[in-house]
Amino acid sequence: MRDKVILSLAALGTLLMVWNFNTIFLHLPDEAQQGAIYRIIFIHVPAAIGAYTFYSVAVLSSVMFLVKKNFKYDSLAVACVEVGQVFTLVNLVTGSIWGRIIWGIWWTWDMRLTTQLICFLLYLGYLLLRPSVTEPTQRATMSAILAIFAFADIPIVVMAIRLKNVRTQHPQPVLETGGLDPSFWPPLLISFIAVLLIGCALVMLRLHQETSRREIDYLRREVHAL
Amino acid sequence: MSGWSAVLAIARKDLRTELRTKESINASASFALVILVLFSFAFDLGRPELLEIAGGLLWLVYSFAGALIVNRSFARELPNDCLDVLIASPAPGWAIFLGKAVSCFLLLMAVELISLPVFGIFYNVHWAGAFFSLLLVIGLATWGITVVGAAFSAVTVNVRLRELMLPVLLYPILIPLLSAAMELTTALVNGEGLGGDNGAGVRLLVGFDVIFTSLAIYLVEFILVV
Amino acid sequence: MLAAAADRVWKYFGDYPALRGATIEVRQGSCVALIGRNGAGKTTLLRILASLSKPSKGEVTLLGLSARSSEARRRIGYLGHGIGVYDDLSAFENLSLFGSLMGVANPTEAAKKALDRVGLSRVRDGLAREFSRGMRQRLAVARAFLHEPDLLLLDEPFTSLDDRAIAVLQQLLADARGRGATIVMSTHQIREAMELASDVALLERGRMVFAGPRTTEMVLDPGWLYRTYGEQQA
């Protein structure tokens, strides 16, 4: 049953994405200033929003774990963080490629890319902490706390970078979403839905893996106790 | 014993043992000095250019020194299981945490105030004119470093490779704080005041301190009693 | 009144239950020998009673109060595997610190008296780091009994004590019982436990398989308990 759900979500998401690419590449005109490369926006932006969605679910799940002490929440949190990291990486790479083509440089410390990079580092710490804590309840509790700290930091990061960029007058963000042609919104939205569907499929896969892993740990301890 | 007297007792205990052994403060101050010298080899700049990065240099030194100090904070409770005795005592979890944060703060401030004149001499930076404003910025940012640092010290106290994990977790969270502190310090040694744009930076420091102090105090019970 | 009560307490480490529905009622003034093999859950149970750890399921009351209440913690003395004193503080500084943390009215006076009781007055200003092992153990015992607790939780207290420390601990335990304190002491040395205990509790793989008064059968034949109530070996 669960496998069917995962498969359907993934399939649906992929189909949507493919259909969307069809629209994007064949039916939308080239943009006036940027040429063909602007189409990267249809991955770049949904990936970022997808990442933030999954980070938010992760922090909510972490809070629920602290309250309810049910390990399902811990598994959901780590699955969402990992999927969020994947999408953040996609966002960073596409942003970098775009910057290279438009500006000739692989990286610009503009506000959006920098914020994404810091998010990536914050949650990288989360993923690095987990294997270091051997005891499962402690691991779940400490991860939850770290997830809360990381999430609380994000708005402050945005503020800090804005302050810094105002002072040092950095180049405009690689992607300017203000003033987008209205015909862009439907593909953007569909892309976002596709990202969500694929993300959910991945999360469910990861959840299943975590549950199995916990069962194995439990059985292993039972055997040792005999 | 009320919570606040426990805070005082624990802070006093930490400071007393530290002053007796001088393990963190010696290591931290020496490290700061070494980094200051190392940076001077990294940069071969004329005075005007150096003033532009003065704040950045100083806070890099301070944050490295700070990581050493906060790392010891909860780790010093591990020998002889003293942490257990503290948690089993009537002292509330937040009081244990605050006591340690306060002692870290005082120790780090001491290292920073020792390094400041050395920095001024090596890099020919005149900070005396803006001393009191600089003290405010240093105080606010140092509290941010120590409060998050002490919280993560508690999180990583039982973790493998604690000395490596703590900086990896700590620095991303501190990025906005350090960014603002660096900007403000550079502004102050260049003769600017704390008004206008810089006021926003000070507000960011205060906001960071308030948010993370509250978060840490609220969550520390979960960290200590698993 | 019960000095301590654990009602169907479960403690999970991940998915593995170290305690499975352990239930115990400790009468005030009794001395309970908590017996069990290594890995049975004795330390886990004691840590939960000492408020160091929260049960995953079940209720714990201490001295009629809820488990984590600071009033309960003020009246409990805990001696775990570690000695719980700071190496870089002197014996006197250690005891004054813990005295004030435990809410003792006059911490410095209490520290002095405690050092006298355990025979460490002469070295009161020596750093704990410089003490011999026996002296450190006596200091640990002094710390646990310093605030005249109503409930003492001791995790294998006699393990690796030297003669002098054993004598000191036995004296302190006798005094504590004299003033009506309750003692819960875990051990896997059944013989010594049987001599001191008024009640016995046997933990086997996280389950409390027996909890009740000590009988002559147990004293005469320490293995009797395991044979009667213990689980069959695989």
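All chains are identified by letter, namely A, B and C, in their written order; residue positions are counted from 1 within each chain.
Note that a contact is a pair of C-beta atoms (placed from the backbone, for glycine too) under 8 Å apart; a residue touches a chain by one contact, two chains touch by 3 or more.
Bear in mind the structure is a predicted one, so any value in this text is a computation, not a measurement.
Colleague: Farthest chain from chain C, going by the mean of C-alpha atoms per chain?
Modeller: A
Colleague: Most central chain by CA mean?
Modeller: Chain nearest the overall C-alpha centroid, as shown: B.
Colleague: Report, in whole Å, the distance between the mean C-alpha point of chain A and the mean C-alpha point of chain C.
Modeller: Chain A and chain C have C-alpha centres separated by 49 Å.
Colleague: Cα centroid separation between chain B and chain C, in whole Å?
Modeller: Computed value for the inter-centroid distance: 39 Å.
Colleague: Quick one: chain A and chain B, Cα centre-to-centre, how many Å?
Modeller: So the centre of chain A lies 31 Å away from the centre of chain B.
Colleague: By residue number and range, which residues of chain A touch two or more other chains?
Modeller: As it turns out, chain A has residues touching two or more other chains at 135, 137.
Colleague: In chain B, which residues are in touch with two or more of the other chains?
Modeller: Residues 226 of chain B touch two or more partner chains.
Colleague: Hunt down the residues of chain C that sit against at least two other chains at once, touch-wise.
Modeller: Residues of chain C never touch two or more of the other chains.
Colleague: Contact residues on chain B for chain C in the complex?
Modeller: So the residues of chain B in touch with chain C come to 1, 5-6, 9-10, 13, 16-17, 20-21, 79-82, 84-92, 225-226.
Colleague: For the complex, which residues does chain A have touching chain C?
Modeller: Per the stated touch rule, the residues are 69, 71, 135-137, 214-215, 217-218, 221-222, 225-226.
Colleague: Spell out the residues on chain B that touch chain A in their complex, using ranges where they run on.
Modeller: Chain B residues touching chain A: 148, 151, 155-156, 158-161, 165, 168-169, 171-173, 175-177, 179-180, 183, 197, 200-201, 204, 207-208, 211-212, 215, 219, 222-223, 226.
Colleague: Where on chain C does chain B make contact in their complex?
Modeller: Where chain C meets chain B, its residues are 47, 50-54, 68, 70-71, 73-74, 76, 78, 80-89, 93, 97-98, 100-103, 143.
Colleague: In the complex of these two chains, what residues of chain A are touching chain B?
Modeller: 66, 118, 121-122, 124-125, 128-129, 132-135, 137-138, 141-142, 144-146, 148-150, 152-153, 156-157, 159-161, 163-164, 166-167
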